[in-house]
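We just call them A, B and C in the order they show up, numbering each chain from 1.
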Amino acid sequence: MNRFRKIIFPFFISFFAVLVFVSCNQTKQNEVVVYTSIDQVFSEPVLKTFEKKTGITVKAVFDTEEAKSTGVLNRLIAEKSNPQCDVFWSGDPMRAGVLKQKGITEAYQSSESKGINPCFIDKDYNWTGFSARARVLLINTQLVKEQDYPKSILDLTNEKYKGKFAIANPLFGTASFHIAALFTELGDKKAKQFLEDLKKNDVIIAVSNGDVKKKVSSGEIEMGLTDTDDANEAIKEGAPVKMIFLDQNGFGNLIVPNTVSLIKNSPDNANGKKLIDFLLSPETEKMLAVSCAQMPLHKKVTTPANIPSLDKIVPMNIDYDKAAKKDEQIKEYLKEWVTK
Amino acid sequence: MKTPKTKYFLWLIVAIFAVTILLPLLMLIFEALFTETNFAFDNFLTIFQGEVLKSIANSLIISLSTGLLSVIIGTGLAFILTKIKLPLKNILRLILLLPLFLPPYITSVAWTDFWLFAGFPKSFIYGIPSVIFILTTVYIPLSAFIISGSLENVSASIEEAGEMMSSYKTVFFKIILPLIRPALFSSFILIFILSVSEFAVPSYLSVNVFTTEIFTQFTAFYNYSSAIAHALVLTLICFIIIFPGKHYLLQTPFVSFGKKSHKIKYYSAEKPFIYFLVYLTYIILFVFLPVMMLIIQSTEGSNFALMQSIKQLLPAFSDTFLLTISSAVFITILGLIFALLRNKILDYILLFTFAVPAVVTGIALIKFYNTPALNFIYGTSAVIIFAFISRFIFISEKIIATGLEQIPPSYLEAASVMGASPFYSFKKILLPLTSEALFTAFFTAIIFSIGELSAVIMVYPPGISLLSVRIFTLSANAPQNMVSAMCLTALLFTLIIIFIMLIIKNTVFKKQWKQS
Amino acid sequence: METIIEFKNCTKSFGKNTVLNDISFKIKKDTGIVSVLGKSGSGKTTLLRLLAGLEIPEKGEIFINGKTVCKNGKNIIPPHKRNIGFIFQDLALFPHFTVFENIAFGLKLKKQSDYKNTVNEILKKFEIYSLKNNYPNQLSGGQQQLVALARSLVPEPEILLTDEPTANLDVKLKKKIEELLNDIVKQNNIIILSVTHDHKDAIKQSSEILMLNKGKIAFFGTSDEIIHTKNISVTEFLEI
């Protein structure tokens, strides 16, 4: 009895106290759960605005697009049998595509999606695109003269750029989407040849787009492919860099929209839809334009002067769904390519 | 000391542990091996091919050299710390630990920036040698800490007896080194496991290692079974490497809690200040330099990055504090129970939970706890506590077991002859005498938990904010000065916790009986 | 006279090593000091530990005051109910207790209300009262020995077991402790079973001598008898 009183009892009491303590924390309120792969610095303020506006508490799980993260996507897949999340906010349509294929998302056609070009919306409404980034070439202006700027992504196989060019690991994030888009645009044979030539030209494979940005701004390397938000960050920091859109006279530059999806059997579907409506609104697009230079997909959203407008860019015309599928097909090949 | 009833109780706790922590891992492995439709054993065979084989080789080269170098340099530093009379010894000891409190990824950013700044060739920076270099600087404090504890336990009379017969050099190599061999081995193995599962540093330096493969399977292919098969191979390799030294790892001290019966023999160096200088040089080059790089980076740009980062991280402080402390309480209690049982199979089980890559722990916890019935665990911070326990119970148990082993059995026998019940002698003799070990285990659990990222990022419930996760997600696209500032903030946070703990230790555990 | 200690066919082994082999002997109540002699490894310490209940013989029975304390590999009466004091070779003073707390440990367990007085008395008697708030590591070897002796005596045991109590002490302290032990035997009428290396002292001090050799009893009798014995293994050991 003594023993019971002195150890067993306190042990269990404290154990249950902790459980109760943590359980109380999660008493169901008016809330919505969102998982996002958008950098926390940018996504958090948007979500806070939604909270203020609607009074619905947003509980978020953040992640990054960096390769070193196993990511919210894996979590969503692992949680499939008992979803914890209502809304998935992705930085690119590819992840949304993976979830769609695995049957984790469900269709939702938001009233806010009307102003958005249908090419940025999944045909089954499993995801809807908004604020877009573009893949750009970031160039260190101190190291490369203007007349030497490449015009097309295909120019990068030119001897002139040997060892002077970086791309983020194409197994992950937007870089992987970029390659998949090239495959759909050029066809498998041509695209593979392009990659082989890149490798022969000593392309440097960076950990992430952020790493590409860092390497170019510090002058460690002459130029690299990255996203507009990273490029914009480098410009803001005052690095001697310039971003250029490629293939403006050819097949166009890849545009990567954010996407948002509703999770199937989610705990709070109604609030999830409200959050999706908010994310797809011009208001959100405006906020993201200011904070991370994302290009609005709605027309007539006023943006700061430094943000390129979609109207002035020749976009690569691709089927996002097809590219997402292509991405899965070429992964094995890319894995070999990276380590070669 | 164990009556049947207490024994049943202790085993009941073990059973709870087995169901809550071990079972999820085993079920995940079982599922990956046998029930997933797209998976068969031949997936194992594909692992051992071409590039993957090369990545295994890279992993082994990196972790074996890191282990070896850390032990050698750690022994040197430990020798200076314990055997030479130095001023400000306690502060010097604490400073040495600093690299452990920084995420290894950040340390590699700091080092590469320094190398680029100093004009090192890129071929040096992006390669295996630099990975080994950085990991070694990160883990040296660990080996120095373990080895210096063991050195303290070498009895002065043994050394003096040796010195009567030969030079100190011979005594060191022929007597002292063999005596501390267990500590050398266990620190080697510990560092080996930690560096073989390290992912961030090699990937930042563009070195392909086996853990890269696991992450690729997860992140690029979303192929669980293959990722888990890879992880199993990694665990297996760890076990094979560990096997020859398992005796040392499982049966011998991690940290020694100096017996009070003997004095430490100081080495009467002719010029002690030379040793002091060596130590100082080490600290300046390998501890201050990366920290200085962080400070310089954080002050770049016009805005006050440090203040801003404190503001950004503020929401994470209280959650991190509460969760790491409460996990450490559980880890310490469980560690004590496991240590009391002294069971070999249990030792291997704990080693297994430690050697399994953290991502796998994370996935296992999701798969097991994410059911409507268990939402009170999965949807709450309880799952974070489980993750911490799973990751670090091994280390804490080892520390406590060491503490227990150093209590002579005659103490308990004396108490029992005088009429103390097992529980009474546990409370009055065992517990006070292991208090230092318990404290160290508690402390270690907190430090490791603050830095844990790979497992908790998989399971942390929405709305809960942990320092490591928040830094990681915030730093994704943040400018370098913010990233550095956030890491400095985390370092500061850790140091504050350490100081609080040390103050508590010095006020609560007043140990006159230790000062002779 | 009544028998206080009886070993009946006791065997104890550790693994393959049989330390005590089929040992039987009896000790009467007013014997006083019994010295246990023998070479290292002859089983002296094990004998004490069996009696204290810290080890259990696989075979045989042990009786204290006629009661079976252990039988056929089972402890029937646990160590702390045997009313035995034990001074360990390493003394086993609790390092985290003061001298006073060390001595009071057993009394507190017996819920004696005036244990403070009892402890203070014995501290004075042993001339270590001034050290009562010191910790063991602050004491000299002799002082530690006195504390260990006091600690084992305060619960007023019937039997006191000592494992080399005066080893490594200077002559003066040794004398002092021996005198104390003699006093205690006379005043409290207790039995002391003392393991020692020093056979000369043993013969001088004790009324009976138990000698072990290779796990067997080589000799058991009074000190007078041992001097005149012709048993070769005994004479060899005693170097007579």
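To be clear about the criterion, a contact is a pair of C-beta atoms (placed from the backbone, for glycine too) under 8 Å apart; a residue touches a chain by one contact, two chains touch by 3 or more.
All values derive from a computational prediction rather than experimental measurement.
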item: Chain-level touch network, classified as line, ring, star, complete or other; value: line
item: Innermost chain, where centres are averages of C-alpha coordinates; value: B
item: Computed distance of Cα centres, chain B from chain A, in Å; value: 34
item: Inter-centroid spacing, chain C versus chain A (mean Cα positions, whole Å); value: 79
item: Centre-to-centre distance between chain C and chain B (centres being mean Cα positions), rounded to whole Å; value: 47
item: Residues of chain C touching chain B in the complex; value: 52-54, 78-82, 84-86, 88-90, 92, 94-97, 105-106, 109-110, 135-138, 151-152, 155
item: In the complex, chain B residues that touch chain C; value: 260-261, 408, 410-411, 413-421, 424, 428-429, 432-433, 511-514, 516
item: Chain B contact footprint on chain A (complex, rising order); value: 2-3, 6-8, 11, 14-15, 18-19, 22-23, 25-26, 33-35, 39-42, 57, 59-71, 73-75, 77-79, 81-82, 84-85, 98, 102, 171-172, 176, 205-207, 210-211, 214, 218, 220, 229-230, 233, 236-237, 292, 331, 334-336, 339
item: Touching residues (chain side chain B, partner chain A) in the complex; value: 5-6, 9, 13, 51, 54-55, 105, 116, 122, 199-200, 203-204, 206, 208, 215-216, 218-222, 224, 301, 326, 329-330, 333, 359, 362-363, 366-367, 370-372, 375-382, 385, 423, 427, 454, 457-463, 469-470, 472-480
